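Chain lettering (A, B, C and D) follows the sequence in which the chains are written, and residue indices restart at 1 in each chain.
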Amino acid sequence: MNTPFLQVMLAVIAKDFRAELRSRELIGTMLMFAVLSILVFSFALELDRIARQEAVSGVLWVTLVFASILGLNRSMSMERENASIEALLLAPVSRAALFAGKFIGNFVFTLIIGLFLLPLMTVLYNMPLVSGWMFVVMAGGIFGFASTGTLLAAMTVQTRAREALLPIALLPVALPLLLSAVKASTAIISDAAFDTWATWLQIIIVVDIVYTVVALLGFGFVVEE
Amino acid sequence: MDFVTPSNGEYLALAVVVSFGALLLFVGSVFARYRNAQRDMDVIEQMAEE
Amino acid sequence: MSDSSPNIIEVRNLAKTYDVLPVLKPLDLDIPRGQFVALLGPNGSGKTTLLRLIAGLIKPTAGTIRIGGWQIPQETEAIRAQIGMVSHKPLLYDNLTARENLRFFARLYHLPPQDIPPRIDLLLKRVGLFKRAETLVRTFSRGMLQRLSIARALLHDPHVLLFDEPHTGLDRDAMTILDNLLLEAHQEGHTIIMTTHHLESAAQLAERAVIIYRGSIACDTPTSPDLPRTYANVTGGIV
Amino acid sequence: MTAVKDFPLSAEKTKDGGGRTRLLYGFTGITLALVVLCLGMALFYAGQDITQGDVQRIFYTHISSFFGAFIAFSATVVGGIQYLRTRHPKWDSLALAGVEVGTVLAFINLATGAIWARPIWNTWWTWDPRLTSAAVMFLTYVAYLMLRNGIDSPERRRVFASIYGVLAIATVIFTLIIIRIRPDTIHPAVIGSSPSTGAEGGFEMSSSMVTTLLFTLLTWSFFLTPALIWWRIRLENTLERVNKMKQIYLER
């Protein structure tokens, strides 16, 4: 009876990408924020060679989390402006498909920022950040933020404090991901053997799965009255 | 080797005071909110009577 | 789901309570196929709640709604495909063009791909926006947004059209265009339920006026030029 | 006006309210006695740790408060899931009570940890992974309360809180397991052997210590925490009743 899951998901993703190509509101602000954040961190920490090695993955992930929060807020308030989310809810589509569409859009946008940051930080911090495993860890970490973030953003845009509440709600819940991702990236940068940091990757994957399931189930409750 | 057991009872005392202080504060806040609610209820009842 | 009843919408014992506040007290309402009904009442009377319940946007506290044989809340999903709604908010995306907006919603309603372009052209012509098809919705005036919303609601050719305060914020000319579109849709055989404060339009367009007051149906009457007076009698002059 | 008068005015008038109240008073009395007994055991019965001195006695409260918080936050998960399924507000009251009680216990856990660390580690606080995780866990539930506060519609507030309450348990579980996966933590694992060779402040337990620990653990988990939650739920019921009466009265 419902429009097929995949078709809805793809339509939502295509819609978000088209709107984004048009306005460049999301990627633009996220990217600008990310670059500024990296520059400010390098000033603030006055990093020498050794300190840099320790701090670089922390800087990377903190920047990514905050950039993704910017994007998530924007992406959800876009649905709230003009109440267009109501039009989505009026359509014969499953709420999980709507969630999947919004979530994958947010995931890809943040991943683009991450992929841009890797070479940039490689140059600016003189650290070997571009590697296959780094990419895997990055995709895994961002996947988890994007799924819980999409769910929580759908909640916080409906609160009185609106945008301000998303980081407060998201950061603590994202801690397991953040910590694991930082640990794994630090290990990758210092060229540690896979065995020594495989646990962190496992945690990221488990948390990703749990969070995405909760978010898929919870989204319907959040958007409906 | 002489090992002297450190004397740090004052920290223990502090911990006990803080722990039970926090518990009492919570119980007190529940009680205070309860009393406020009762008072509100009385006011509403009075208004309903009138 | 063979449906022999002449009524496309049958509301039974429908009630909605927010927390403990009864917004809608248990009410019954039958609407025959093809009728144009105006839902009237002061702000907060519950008319918008009733409309949103029929649209499946909110769940009833008690009671059922049957639409075309399907039942809310058990079969809400099946009902969605039969309903088009226009709210006083446009429910459109600012950064997409008129055509892109319609194409997106056409895909959500699972229209066959080959039918989508001609259907969009047809509707854009009908609401007089064909020349602005490639313009960003952000630049549209209130009246144009309203017309595009109507095109969006008509995309999947729903049996039932719901309008929530469509006249709000429109100027004279835009109102005339809107009224004509509403009449056209009615003549095509769509069942229409419209909430409005604009009694004049309601009296002209609708065949039947249902006045909701304090969460109950206070008056259910065929429309006549006398409607404003009837309304004032029922609600004590509150608009 | 009748609606106001018909409304049950106090717990005693509701169905079976009196019996339940008596049960709660009895339970509270037992809990109070047990908690005092626990404190007495920790201070006077349990043997003194030779290397750490009296400050080691903090551990009984420290660990027990964590497990109490764990129980309370688990109640929040149960309440949240049940609320989403049944939409009965009583489950949300349980979830909220769990968060408030759990937050207080988590605070006690953090505070006693810091007070213990001062003489043993020579610092109030250190950015050890477990400490950090425990602190974030505490903040997660503060965020829960802030989220609740930010939503005006009662139904929406309950739904959002239920989902966040379920999500938030992740930080509790993370705090529990991080000690097993982070070899570089200096926090000792008290139950089971510490995988960390760098753990500082671990100790061998004599039988009097084990008895005291078990007794305190059970009391805080299964008496103190449930009793506090119970009282908090009663408060919530009263608050809701007042709220409803206000609304009904204002309607007139």
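Everything that follows uses one rule, which is that a contact is a pair of C-beta atoms (placed from the backbone, for glycine too) under 8 Å apart; a residue touches a chain by one contact, two chains touch by 3 or more.
Since the structure is predicted, the reported quantities are computational estimates derived from the model, not experimental observations.
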Request  = Please indicate the chain closest to the centre of the assembly, with centres calculated from CA atoms only.
outcome  = A
Ask   = In angstrom, rounded to a whole number, how far apart do the mean CA points of subunit A and subunit B lie?
value = 41
Key: Chain centre separation in whole Å, for subunit C relative to subunit A (CA means)   = 38
Inquiry  = Using mean CA coordinates as chain centres, what's the gap between subunit B and subunit D in Å?
reply    = 14
Task = With chain centres taken as the means of their Cα atoms, state the distance from subunit A to subunit D in Å.
result = 31
Ask   = Got the subunit C residues that touch at least 2 other chains?
value = none
Key: Multi-chain contact residues (two or more partners), subunit A   = 225
Note = Each pair of chains that touches is included here, namely A-C, A-D, B-D, C-D
Query = For subunit D, which residues count as touching subunit A in their complex?
reply = 84, 129, 132-133, 136-137, 139-140, 143, 146-147, 150-152, 155-156, 159-160, 162-164, 166-168, 170-171, 174, 181
Ask   = Where on subunit C is subunit A touching in the complex?
value = 55-59, 77-78, 80-81, 83, 85, 87, 89-96, 100, 104-105, 107-110, 136, 152
Inquiry  = Looking at the complex, which residues from subunit D come into contact with subunit B?
reply    = 1, 4-5, 9, 39, 43, 48, 50-55, 57-58, 61-62, 65, 100-101, 104, 107-108, 111-112, 115-116, 118-119, 228, 231-232, 234-235, 238-239, 241-242, 245-246, 249
Note = Touching subunit C in the complex, subunit D uses residues 153-155, 243-244, 247-248, 251
Remark   = Listed in rising order, the residues of subunit C that touch subunit D in the complex are 18-21
